[in-house]
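Order of writing sets the labels: A, B, C and D. Residues in every chain begin at 1.
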């Protein structure tokens, strides 16, 4: 299926949750979904026999600046050989997105990374620890307004 | 030899002292040489050159330099270690491997102590190393050390059984546990060696002995107690400087000890392979040492060829392969002798 | 002692240890962790009850660095350092992503050069993977034999771009240098030299009975789990999934060559065990040689720098491009805000996902198997931690 | 039972094959070389230590901007119209005093990105790869050919000429009856450390 067909199917199935479908004038087409329904959409994407999105290629958190964060899911189907790109925007003051770690286990570590570096919380995540930064690090380095701390445990951070 | 010394000194203390020291005179240059050899063999098997700088010709004095370095190194004892045991352990291991040399006949004229239970003594005394290893592993207070020590004990204890059984095959033929007696029975041309007796039973017994001895000395493919990629260095993890050198030394000493036993009981020991040609007490030393060194070389060769086994596979090899086959050899030889 | 009994130890995920269990930290400094990985292993004797990987010891904030660069080209040296064993593959993925973002096509000759380099790099990387895997299992010698061949590949790279490990060779829109004179002949020589060597590795290591017994039926990764955990590359193919991005989602000129993706079939044990993963790599090297030979024969002439843009200033937008690096699916998600420097670069590194499967497949194995499993996943920590 | 025996036979056989290979390699010449005594010839394109030919440098800052790790630090000052700085070997006229050209080779990642944008090809990577030092400071290479007194002279000269210009401008402005602030000082030129780094 093309991205257009996939997104239209999604729109039929979840009319309220699909905020935006963009297939023209962009390099990679994408579907923007609202965050409360994301878990159901993810399950549908994985389980629906026409979809069968079983392979989460990439999960990237993005800080769009001006108080907006987002997560981009690039999902692929090994059997159907089609892709879909899903975007979710969340406000920076309460960045919370349902975790899909039990839909695609690979999301477990990717979500931990997005939490660690961008600061997006994934509700229902089985192991919400930091992953790349030290466990007691403060702040989320990939935020655009991130200030590097002067000291970490008495060690100078800035080079 | 003993008589000769007694004529000179007329004092038991000197006589036994000198007799006891003689293997040490061999061991020290041997260890220096064999470490160098191990490096060179491994290097050339791997298309490398190995140490080439120290001392000029092909880095011949590299091990001497290394020994001097190890002597100067700081002796680190971990704060949480059991200090007494930590200090004693390397010496216990070394004593265990060195004491085996007491009964190994280097020549028709020299054997440290020509006791009639020589073989039994070797088997018994080499088990002392297990105590040292367990001491080292426990005293280091390190999980890797302890894991390594437990593996080592399990391994050495289980591999003693096939070792003893395969030696028993020879003992059945020889009817003696005295190593000098066993040597004398094999004199003459090389077809008199026990390895060619009762074919194929003694030959299989030799293979079993050799494999089991690899495990006894913790050499690859049975080096799991100090498996570098798994247990860092096993029970040697927390040792440094001269104590570490003692572990290394006893490993190489052990290597030669098991090779010497193999040479003695299967390959005629100090006997020349060509009957009376090139035989005599001093030629005996030459033949004995060169036979031993051949096995040492084979041990190195295997080390640089094979991966290592896993613990359960190690036990499988010992209990399900080597031990039954060794029993088979005993039965075979027994039947052969009866018929 | 009573204190310990009163307060049972916890793992870092909060699980209580039973009395007979002990935590052993495999790493961060350990001979077999291929870098600075820490595996918190809960052991019951020799049996591994649970493994909790801790990563991030090599975290250099590649993504933050990329954002602070002044142009897209400057990111390439950083990308090199993600997977230092397969830097060409990393460059390839990144420049493809930027080129897609810019909407430019590169000359044919550049495509061929890139494919040749990427495949040679794949061989070099698999040589390290297989060699260090032998080392993990305890075989020293194959490791050095494999490095001998790798040196010859690095010589080819050095001849082409001047560096042996971190090349900065592929640029957005082209490559930094054209092939040097004599490269094609030398590369062909290497191909014919390399083919018989694979047999030597197989005789010495792959089919050695001890090696087979150490790796077959160990760490079995079923195809379903592999896909769910996002495993890719030789790890996924070792589980019997016939999927290779070079063939199934082709990029560059890969669709012009004849080759076969190699999959694990469980010849020596179960499909998806460590031996399959190892063997997929060995066989992939032969396939890569095929591709290199075809590419060397077909390579067209032309200018390699004609498409290099003077200024790289893509329109606002984002792109996700995936390529098959030596270790699996390497994806780059790049967001551009229209300025000259990237707004967000996310590297989806294959090892990151491949490593996340390790707790799943190593429960109940032995300590020695844990090392074998970690080695068979072929992780490069530079890429996991970025 | 049959498997038991075939397993043993296979184990022994594969071990013997492996032993044959390693024994064979014992008699093959080594592929390694004795490094400091024997050196491999580097290819033409080898990228190693950076070298700057200051005679050709025009102070365009292209290399500084291209560097992804900021290991190059350049400071320049605009020359006065009366100064003659000469031309580069490519015939380009130099217009800037280069008062500081430091390369922290310890930071350098040998990517070669600084080499390509240079308009006069004065910065290049050489074949020297043995330059380890015991002191990290020694890895800070200073390529400036001007000595510190010379730089001071230039600085005062430029400062006085700027002052002149400023007063002139002020006078002009006063003449025009529109009060204007004096031109702000050029950033960076007052850096005391500039060019004072030891080589």
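As a working rule, a residue touches a chain if its C-beta (ideal position, glycine included) is under 8 Å from a C-beta of that chain, and two chains touch if they have at least 3 such contacts.
Every value quoted in this text rests on a predicted model; they were computed, and no experiment measured them.
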How short can a chain-to-chain path be from chain A to chain D, counted in steps between touching chains?
2
Centrality ranking, top chain (CA atoms only)
C
In terms of CA centroid distance, which chain is the most far removed from chain C?
B
Rounded Å distance, chain A centre to chain B centre (Cα mean)
62
How many angstrom between the C-alpha centroids of chain D and chain C?
31
When the C-alpha atoms of chain A and chain C are each averaged to a single point, how far apart are the two points in Å?
24
Between chain B and chain C, tell me the centre distance in angstrom, where each centre is the average of that chain's C-alpha atoms.
43
Touching at least 2 other chains, the residues of chain A are none
Going through chain C residue by residue, note those that touch at least 2 other chains and give them in order.
141, 145, 148, 204-205, 208, 210
Numbers and ranges of chain B residues touching at least 2 other chains
45-48, 304-306
Does the chain-touch network form a line, ring, star, complete graph or other?
other
Let me make sure I understand the interfaces: which chain pairs count as touching?
A-C, B-C, B-D, C-D
In the complex with chain C, residue positions of chain B that touch it:
42, 45-48, 143-144, 147, 151, 220-221, 223-224, 227-232, 304-313
So, in the complex, the side of chain C touching chain D is made of residues 69-70, 73-78, 80-81, 141, 145, 148, 151, 158-163, 166, 168, 176-177, 180, 200, 203-205, 207-210
In the complex of these two chains, what residues of chain D are touching chain C?
7, 10-11, 13-15, 17-18, 21-22, 25, 31, 42-47, 65-69, 109-113, 116, 125
Contact set on chain C toward chain A in their complex
12-13, 55-56, 59, 61, 63-64, 67, 100-101, 103, 225, 227-230, 241, 243, 248-249, 317-320, 322, 329, 331, 333, 335, 344, 346, 348, 352-353, 356, 360, 385-386
Which chain A residues qualify as touching chain C in the complex?
26-28, 54-58, 60, 62-63, 72, 74, 78, 81, 85, 104-106, 108-110, 113, 117, 127, 129-134, 141-142
